[in-house]
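You will see two complexes here that share chain A, one where it goes with chain B and one where it goes with chain C.
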Partner chain A sequence: MSMKHVIMAGLVTLTASAVALAGPAGGTVSGKVTYEGTPAKMKSIDMSKEPSCAKMYTTPPLVETVVTGSGNSLQDVVVYISAGIPDDAAPSNAAVFTQKGCRYIPHVLAFQVNQEIKIVNEDQTSHNIHPLPKLNREWNKSQPPGTPPISEKYDKAEFIPVKCNVHPWMHGNFAVMKNSHYTITGDGGAFSLANLPPGKYTVTAWQESYGDQSQEVTISGSETKTVNFVFKAKPY
Partner chain B sequence: MRRINFARIAVNLVLAAALPVLAGAQQMESHEGKWTGHADAGRQLYYRYCWGCHGARGNGDGENAPYLNILPRNFVAATFKCRSTPTGTLPSDQDLFNTLGRGINFTNMPNWSALTDQQRADLVAFIKTFSPRWKTEKPGDPIQIPPEPALTVASIKHGGELFQKLECWKCHGQEGRGDGPSASTLTDSNDQPIRPYNFTSDNRSKCGRTNQDIYKIFMTGLDGTPMPSFADVVKPEDAWDLVHFLRTLQYNNKSPELTLWLSTKEGAEIVNAKKVENTYTGSGVKP
Partner chain C sequence: MGKFFAITILVIAILSAIPIVMHTWEAPADISTHGHLIDEQMSETMAEAGISFLAAQLLLAFFIWQFSNRGTETKLKSFPGGAKALVIAALLVVGVEVLALGVFGVKAWADVYLTPPSASAMPIQVQAGQFAFYFRYPGPDGKFGPIHPERINEGSQEFFGLDKEHDVESRDDIVTAEMAVPVNKEIHLLMHAKDVGHSFFVRELRVQQDFVPGLDVSLHFTATKTGRYEIVCTQLCGLGHYNMKAYLEVLSNDDFNEWLKKQAANQ
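For the complex of A and B:
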């Protein structure tokens, strides 16, 4: 047995024991999503065609295609592990998508492949829920007020725009994820993905107008690695 | 003298031979009643009759497509309008066979009555080879349509209440002319502007002339368009009431429903107030 083989065997043993010794908490990837440049100004939504919704606002709400915050941060960005980790089984709880004030809450709903989503109409007007996938199947269902939640699921990972045909300003997104390591940035653009076992990962950030960006990160134990994303703002 | 476009014929032949060549694609069959269609027979027919609109790859980008208002169906995406199966599910072979024979009213899809039943069955089998969905998914279970109940004034009136409650008028307009408040902003799933159905046009709906066709449209939705499925929110007996009411909106079509409705004082008042020149685009300008 050559020296090389001895060293290789030793390294394998060390790595194996390192993996075995790594605590269940695992490592964390965290950071911030920001933009550079000048983003387009979000227009206010004219809901005069739907008085039952228009009256819920003292000032008309803004289009949510690009939601910015303090420090040039970007909200509603989906940050997730796109490679390096096996797929997860869907959790048993349902992800809830609400139509309220003729808008979708949340604007971006992230959930897993085959996880149940529950779509609720809290408005006094009818909506139709019309997600527009390219990989998953396209369906279109009417949901009058006072009718039970609609239960659906998707079996392929995809970012799916969602619209209501009756109210053309309503726009949302489904982010169908393959594993449980995903999050959506809030005000301030910060994100944190925890419980990552040691390994090499690709972290991807997706914004509905600016597209996606990926970075590689390696976790060896229970450390926190910082990964920041900077998107080039589009003027339109 | 007509110039023969040899280049086009050559391309046609090469494509007919080359596409699609997925293993097993040519074994695809379709079943419609007593007919069994075969994809390899359908392929020859497709590249003679269909590819001009539906494209060499079946994705709706044929050379005619840029000139068509409603774009040709994209068979690769496999989202179909006229079905008997629930929204989001594949149509049955019979659905596709019927669409081929009847065409799609108010679009450029003609009725292919010039083809034989066997030819249409073969085409259905070939169309199913364009999308991998036909291999991994079964068509949805066709919806159960209960027998049509007796036509009564109460049924028509109840249908009218549903038309209000379900807010059909938001797109279709109060008189069903396709001029509701949301009508001008509608786009289909190709992002093309699209008008809602104008009930005052004639006795046809998009997917046929019968009451069952109207029933299926709103109980399965026209997938790929703004028209949703109301199957989760309308009970089958209520659905028939709505069908009866919708027939009274087709005031250029002397249906049994309209005749009955006109025989009542209320119905006659409503319909006579609407009687203007037939405006196909739904502008409905009253003189």
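For the complex of A and C:
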């Protein structure tokens, strides 16, 4: 082996390790979810049939099917990578869905396929949680006050409406995701999906009343690409 | 032994009659215009059945006292005329009693169900569904908009499946979770079940009505005293039946109008 070969080998090794040590930084897709038009009025919920919950509110809470925020933003929108990335194994921590004040907190719970979800009852009344999937197995479970959390999981990706069989006004959603690149918008409608390796992706935004929208985006390195979603609000 | 048994029967009969006669467990005060007929019917039934019961137990105790521990020489008397006469007598006595109760009770039933509501009665629609009651007021146009069952969405409070976009009469309809009525005003209830059998019961109003899925039931009443009363479901309808209730508010005219205005603003 000549000196030139040794130097070449050394340079190749150094470059390779430099690239490897740079880590999975990847690119980011970020943006905002907003609406145009007039959304339907969110009615207030009358819980008089369940006094133990009704008394927890000074003003009755509002329906959460369309939650708007500052600057015409939409909250509770699930933004995720729907294509272009392989599935991820489920994380070991559980996603928690709480029944409190006869409402579901959070209104939309996003978690991964086969990830454990823990359903907690913090109220003084019994609930009977009934998710309504189309692809996954349907079940409903009674949960008296003071009983331990219910542990469940779903093995197929799906958006699942959730209701309570005892309290008709209770409504929430499960978003079962295939990979770990998902987020839910808050006030302001902003989202950011990071750690994306180079590639072509489909970003999808899902809102329970307005459906979903998708856009394609290509990441080549560690740049941030902006993708915005605008939903047409329906007054009725 | 026999004599002791006879005394026991007498004691039990008298002890059980005492709380009824003393009105120990009174029904709550009647707040309706037709309720007194039902209460009278109830009293008559209790009186007739009670007297028959005491008389029967007394007779039974007497015969046990008289004929228990008898020797073989004492012959038992039989009912004059034999078994057939006994059966006919029993049929007549009980039959007449039951018929009388029915005939005299007809007015109580007819007053609520068979007489039509007056033209000025206020219509309120009641929908019973697992596991809550929801109510609908027709609004200023006096008309109830059509119900579209496929549009029912409880998560967004659309309990009746109204289509306010396309059905003009639905736009002013007022849907509530509590039923309020003005005092001394005749109310016409239009009732239906959304899913399975339920029943609407307000004790103080002396109104109880089963909801059979597929049937539209109609009844009318007038509430005579303001207050807050419980409407409970009295037909087993599933796992939440124990929790199924709503509240009836009987309000003064002014309070009712204010309540209705507040509810309309929340539609």
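Operating definition for what follows: the second predicted complex is superposed on the first by the 213 of 236 C-alpha atoms of A that agree within 3 Å, B and C clash if a C-alpha of one lies under 4 Å from a C-alpha of the other, contacts with A are read in each partner's own complex, and residues count from 1 in each chain.
The working rule: a residue touches a chain if its C-beta (ideal position, glycine included) is under 8 Å from a C-beta of that chain, and two chains touch if they have at least 3 such contacts.
Because the structure is a prediction, the values reported are computed rather than measured.
Chemist: Once the two structures are overlaid on chain A, check if chain B and chain C clash or fit side by side.
Modeler: Result for chain B and chain C: clash.
Chemist: Check the residue A:150 against both partner chains and state whether it touches chain B (first), chain C (second), both, or neither.
Modeler: first
Chemist: Using the superposition on chain A described above, determine whether A:121 touches chain B (first), chain C (second), both, or neither.
Modeler: neither
Chemist: Answer with first, second, both or neither: which of chain B and chain C does A:141 touch in the superposed model?
Modeler: The answer is first: A:141 touches chain B but not chain C.
Chemist: Would you sort A:65 into first (chain B), second (chain C), both or neither based on which partner it touches?
Modeler: second
Chemist: After the superposition on A, what does A:44 contact: first (chain B), second (chain C), both or neither?
Modeler: second
Chemist: Considering only the touch criterion stated at the top, classify A:99 as touching first (chain B), second (chain C), both, or neither.
Modeler: Neither partner.
Chemist: Please indicate which partner A:132 is in contact with in the superposed arrangement: first for chain B, second for chain C, both, or neither.
Modeler: Once the two structures are laid over each other on A, A:132 reaches chain B alone.
Chemist: Would you sort A:165 into first (chain B), second (chain C), both or neither based on which partner it touches?
Modeler: In the superposition, A:165 touches chain B and chain C alike.
Chemist: Counting clashing C-alpha atoms after the superposition, which of 146-154, 182-190 or 236-244 on chain B is the one that bumps into chain C?
Modeler: Superposition on chain A puts chain C right on top of 182-190.
Chemist: Which parts of chain A are in contact with chain B and also with chain C?
Modeler: Residues 49, 125-126, 128, 142, 165-168 of chain A touch both chain B and chain C.
Chemist: Spell out the part of chain A that touches chain B in their complex, as residue ranges.
Modeler: Its residues touching chain B are 49, 125-126, 128-130, 132, 134, 137-144, 147-148, 150, 165-168.
Chemist: Provide the residue numbers of chain B that touch chain A in the complex, in ascending order.
Modeler: Interface residues on chain B, with respect to chain A: 77, 79, 87-89, 133, 137, 165-167, 170-171, 181-182, 185-187, 189, 221, 223-233.
Chemist: Mind pulling up the chain A residues that touch chain C in the complex?
Modeler: 40, 43-50, 63, 65, 125-126, 128, 142, 161, 163, 165-171, 209, 235-236
Chemist: Can you tell me which positions in chain C touch chain A when the two form their complex?
Modeler: Residues in contact with chain A: 129-133, 154-157, 159, 163-165, 176-178, 238-240, 243-247, 266-267.
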